[in-house]
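In what follows, structures are represented as C-alpha cells.
Each of the next two complexes has chain A plus one more chain, namely chain B in the first and chain C in the second.
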Partner chain A sequence: MSGAGKRQRLALRIAAVPMGLLALSCLYPIFFAINNAFKTRDDYMRDRFGLATQPTFDNFVQAWSRAHLNEYFLNSVIATLGAVILLMVVSSMAGFALASLRFPYRRFLFAVILSSLMIPVQVVLVPFMRTMLALNLVNTHIGLILSYTAFFLPFSVYMMTAFYSGLPRELIEAARIDGAKLLQVWWHVMLPLGMPALVTLAILNTLSCWNDILISLLVMQKHRTLMVGISALKGQYSDQIPLFTSGIVIAAAPIVVLYILFQRRIVSGIAVGAVKG
Partner chain B sequence: MARVELKQVSKSFGSTDVIRDVSLSIEEGEFAVFVGPSGCGKSTLLRMIAGLEETSEGEIFIGGDDVTDEEPADRGVSMVFQSYALYPHMTVADNMSFGLRMAHRPKAEIKDKVERAAKILQLEEYLQRKPAQLSGGQRQRVAIGRAIVRDPKVFLFDEPLSNLDAELRVQMRVELAKLHRVLGNTMIYVTHDQTEALTMADRIVVLRSGRIEQIGTPGSLYQDPDNAFVAGFIGSPRMNFLTATALAGGRLAVGGREMDSPAQATLEPGRKLQLGLRPEHLDQNEGIDLEATVEFVEAMGSTSYVHATLATGETIIAERRSSQPRTGDKIILHFAPASARLFGDDGERFR
Partner chain C sequence: MLFLLPAILLVLVFRIFPLFWGFAISLTSATSTDPGQFIGAGNYLRALDDPNFRSAMANAVAVLLSVPIFVTIPMLLAILIHQGVPGRTFFRSVYFFPAILSSVIIGSIFSVVLSFNGNLNALLNLAGISGVDWLGHSATALPVTLAIQCWSTFGMGVLIFLAGLSTVSKEMVEAARLDGAKMWQIWWHVIIPELRPIIEFSTVITTIGLLTSMFGLIYVLTGGGPGTATTVPEYLIWAAQGRLNRPAYAAAVSMVLFLMTSILAWLQIRILSRNANI
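Here is the complex of A and B:
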C-alpha cells in the first residue's frame, strides 16, 4: 500500500517537471509583454529582460491615442459583440430546428453544415470577397459582423444541434400543448435551456472574432480592428518595443477579464459540450 | 368536459403500421384507460389525440369538433408525460402558469388558478422552487397541476406513475381517482400495468399491435374477456391456460379429466381448445378436481399463490387462502366448470 503511494507520489513529482516548464513557457511571454509595456524606451534599450526601473503609463497613453488603438478597439468591440450576439441567436434557432423539428431535407441540411466545417477559410476567400464587394459590405461594421457570423456559424450550429438533441422531446411537446408557438417555444424553452452551451460558444466565438486578422484585413480595409492595428504597430514602430507590447496588453486585457469572469462557466460549458456532443 | 371520438384512425411511421383502424368513443367525464403490452401503440394513440402525431387516416373528434388537423394547443387537451417534462429553468408556479401566460390571460386569473391547483395538489409551499429541488412525487404533482390550470376538455396521461416507487404509485393512483371525481373532466390514461387499469378505469381499452382487442368496464373485461389475450393480460397472477379437447355431447377433456363445456357453442369432437382458469377459481372444495405437485409457493400474507405441475406436465398457478402447502406436496385443485372460460387454439372465445 504505502509502496504504491510512494511510487505514485514520485511519478507526480517527475511529471511536475515538464508541466512546470510548459507553464513557464506560457507565462514568460506574458510577463515579458507586461514588463516591457511599462518601460521607457531608454529603459528597454538598457536592459530588455530586466524589470522596469521607472514604470510608466506613457506607452499605453500613446498607443491608445496616437497609434489610434482607441478607434481600433471600438471597431473590434462592435464587430465582436455584434457577431457573437448574432451567432448565439442564429445557432440556437438553427440548432433547435435541426435537433427537434421535422422538415424535409433536414439530414441533408445538417450534412451540408457539417461539411462546411471542414473547408478552410482560405479556400473560399475569393468568392467570399466577390460577394462582399457585390453586396457593398466592404468597409462596414455590418459587413464584418456578417462575415464573422458566416465563418463561425457552422461550428456553432453543430454544437447547438448536438446540445439540443440531448434534451427530451417532451419539453417541446409540453410547450406546444401549452399553446406556445414555435418562436415562443424557442424563446421560453430552448434559449434558456441552451444557455450552458451558448455561453461556451459565446466565449469561443469572442476569442475567434477578437483575435481574427485575416477576415478583418479583407473586409475592414479602411477602419482597422484592434488585431490588425497591432500587427501594423509592429511594422510602424519596430524600434519601439515598449509601445508595441503595451498595445498587446491592451488587446489581451478584455479576453483575460472575460476569462476571469466566466472561468467556471467556461470549464463546465466545455464539459457540457463534450458530454452532449 | 367533452366526448372523444375516434373514427377508423390509423397511423404508420414509414412502412410500419402502428395504429390500425381504431374506432372508439369515450364519453363525457369518463375515465378511460388504454392498456396493453409495451410497444402496442398506446402512447402513439394518445399522442394522436393530443395532436403530437399526425393521423395517417381516419378522424378524431373532441367535443363534437373534428380536430384531426388541429394544432395541439387548439384541441383543448392537457397532457401529463411519463418524464413529467417540467421546464427545468422555471419555478413550480411558472411551470404551472406557462399555458395561461401563452394564452395572455389576466395576471389575477393566472394567480388565482395556480393557487387553486397548488391547493388541490398540496404544492403551496413549493411554488417558488425549481423542479430539480422537488421529489419525484412532487414533480409528478406539478405536471398534473400544469395540466389542471388550463382547465382542458380532456386530460391525457401517458404512464404518469411509472417513474414513482411502488408505495407512491399506489398513493397517486388514489389521488388521481379522487382528482377525477373532483374535476369531472374526461380523462384518458395510458398504462402497461393492468392493475392500474383495473383500479382506476371507468372503461378499459385493451390494445395489442395497434388494434383494439376489447373495450369494457374492468369487471366485464375480467369476467367476460373476448379472447385469450385479454383474459391473459387482465388479472394478476395471470389466467392459467390448459389444453383441452372437445368431446361429443358438449363435453371436454382437460388435464386427464372430463367435464361439461362452459360454453354453449357446439364444437366438433377432437377440436383443440384452451381452457382458461383464474388462480382464485382453483381454491374450491368441490367441482372438477386436478391433481398437482407443488413446485413453489408465493406467500403474500393473507393469501398465497401455489405454482404447481399437473399430471399432464402443464404448469398452473392456484390461489390458496386458508391452507399453505409446501414444495413437493401433492394437492388437489377443484374448480367449478362455470368459472372456466373456453378459447379456441387461436385465442377466440367460445361463449
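Here is the complex of A and C:
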C-alpha cells in the first residue's frame, strides 16, 4: 500500500512540472505587456525579451492622452458602474418578488427570464440594433447601460432568487406585520440582507461589462469604450509595441486589481453559478 | 409583481421581442434604410449558396470538433489538483487568471506575440526554425485562435470540475486504493464515472460558449480572416449586419445560430433535470 502511495506521490510530483509551466504561461502575457509598456520604442527594438532596464512612463502618458484612452476609460467606467448598479437593483427586486411574494404566473415569469439566457446578442443582433435606433439609445451611455443590464440580467436574477429563497420567510412576515409597505421591506430588509450575494454579483458583472466588446461595438460607435478603443489602437500603433502594450496595461489594470482583491469571491461565485446551472 | 416589472421589461424589449422580430426580418429583403419585401426563405436559400456561410459553418464544425479537448484538459488538471499535486493552491488561483481578462486584452497581446515579426517567431528563429505567419496563414489561423481560446478559458473549466470533484466520495477512492488499484485505475473506474454529470454539463456550456463568445478574440486577432479562415457564424452575423450591409441576411444567419444553441440548451436542461432526478 505504501509503495503505491509513494508511486502516486512521485507521479504527482512529475505532473507538477508541466502544470507549473502552464501556470507560468498564464502569467506571462500580462508580464509581457507590463514589461514592454515601460520600454522605449528603441529599447524594444534592441531587446524585446529582456527586462525594461530604464523604465519610462512616457508610453502611459502618451496612450492616456494622445491615444484618447482617458476618454475611453471614462466611458467604460460610466457604462460599467451604471450597469452594475442597475443590475443590483433590478435583480434584487426581481429576486425578492420571485422568492418571497406569491402572485399568479410566478413560475412562468421566472422561466421567461431564464429562457432569455438562450438568446445571446448575436442571435438578435439586427433587431437589437433597430430597437436601439428606434429608442434613440445608440451612442448614449444610458443605451449601453440598459443593454448590459438586459444581457447580463438573467444570471443575476437567478442568483438573487436562489439566495432569497434560502432566507427564512419569517423575516418578511415580521416586517409586514409591523406595517411596512413592500417597498420598505425591500429597501430596509431585503437589500441589506442580500448584500453578500449582491457584492459577488457586482464583481462578476463588473468583469462582464468591462470586458465586453460586441455590445459596446454596436451601441457606442462614436464614444468608444476602452475595449473598442484598444482594438482600434492595435491597427493604429502596430509599429509602436511599447505604446500599444501600455494601452493594454491600462485597460487590464482594473480587472487585475479586482482579481487580486476579490479572487476568492470571484472563484466561489463562478463555482456556484456553474454547479447550479 | 411590480418588483418584477423592470426585469421582465428589459428582457422582453431587448431579447425576447427582438427574437421574433429578427425572424420576421430574416424573411424579407430589408436593408439598413429600406424595409424591403417578404421573400420567404430567400435569405436561407441564399445562405446555402454563399461561400461565406459555408465556410462559417465548416469552421463551426471544426470548432465543435475541438470541444473534447476543451473539456478533457480542465478535467485532468482538476483531478490532479484534487489529488494533491504539489503547488495546487498556486495553480488553482493562477489558472483562473486568463479567464477574467477580456478577449480583447488576450487577443491584443497574442497578436503582438504571434505576428510574423513577433516574439514567438523571433524565438523560433534563434532556434534555427523559420517563422510562420501564425494568424495570416489560413491553415494555422483557426487552430491557433482555438488554442488561445482554450488557454484563456481552461481555468474556468478547472473551477467547474473542482466543484464537481468535491462531491466525489473520498471513501470510495480510499477503498479502491486499499484494494490495490493503481492511480489510473482509480481515475478511470472511480473518479471519472462519478464526474459524468459534470462532464456532460461542461461539454454543453463549453459548446455554447464556443459558438457565442469567440467574437472578441476573432475581431482582434484575425478579423475573420485570412479570407474566411476564422469566420464563424457569430462573426458572419456581425459582418453581414454592418460591413456588408445585409441585415436581413444577418438575421437569417442569426436564426441558424439560434437553432444550434437552442438544441444545446435543450440538452443542457435535459441533463440538469435528469441529474436532479437521480
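Annotations for the structure displayed:
The rule is short, and it goes like this: the second predicted complex is superposed on the first by the 242 of 277 C-alpha atoms of A that agree within 3 Å, B and C clash if a C-alpha of one lies under 4 Å from a C-alpha of the other, contacts with A are read in each partner's own complex, and residues count from 1 in each chain.
In this section, contacts are C-beta pairs under 8 Å (C-beta built on N, C-alpha and C of every residue); 3 or more make two chains touch, one makes a residue touch a chain.
Just so it is clear, the model here is predicted, and its values are computed rather than measured.
Overlay on chain A: chain B and chain C fit together in the combined arrangement.
When the two structures are aligned on the shared chain, A:D47 is found in touch with neither chain B nor chain C. Of the two partners chain B and chain C, more chain A residues are in touch with C.
Centres of mass aside, this uses C-alpha centres: at chain A, the angle toward chain B and chain C in the superposed model is 100 degrees, to the nearest 10.
The superposed three-chain arrangement places the nearest Cα atoms of chain B and chain C 17 Å from each other.
When both complexes are aligned on chain A by C-alpha atoms, no chain A residue touches chain B in the first and chain C in the second. If you check the complex, the residues on chain A that touch chain C are 1, 4-5, 7-8, 11-13, 15-16, 19-20, 22-23, 25-27, 29-30, 32-33, 48-49, 89-91, 93-94, 96-98, 101, 103, 109, 112-113, 115-120, 122-131, 146-147, 149-151, 153-154, 157, 182, 186, 207, 210-214, 217, 227, 230-231, 234, 238, 241, 244-245, 248, 251-252, 255, 258-259, 263, 266-267, 270-271, 274-275, 277. Residues 168, 170-171, 173-180, 184, 188-189, 192-193 of chain A are the ones touching chain B in the complex.
The part of chain B that touches chain A in the complex is made up of residues 50-52, 71-73, 77-79, 81, 83, 85, 87-89, 98-99, 102-103, 146, 150.
Taken in their complex, chain C has these residues touching chain A: 1, 3-4, 6-8, 10-19, 21-22, 25, 77, 80, 83-87, 90-91, 93-98, 100-113, 115, 119, 122, 151, 155-156, 159-160, 162-164, 177-178, 180, 182-183, 201, 205, 212, 215-216, 219-220, 233-234, 237-238, 241, 247-248, 250-251, 254-255, 257-258, 261-262, 265, 268, 272.
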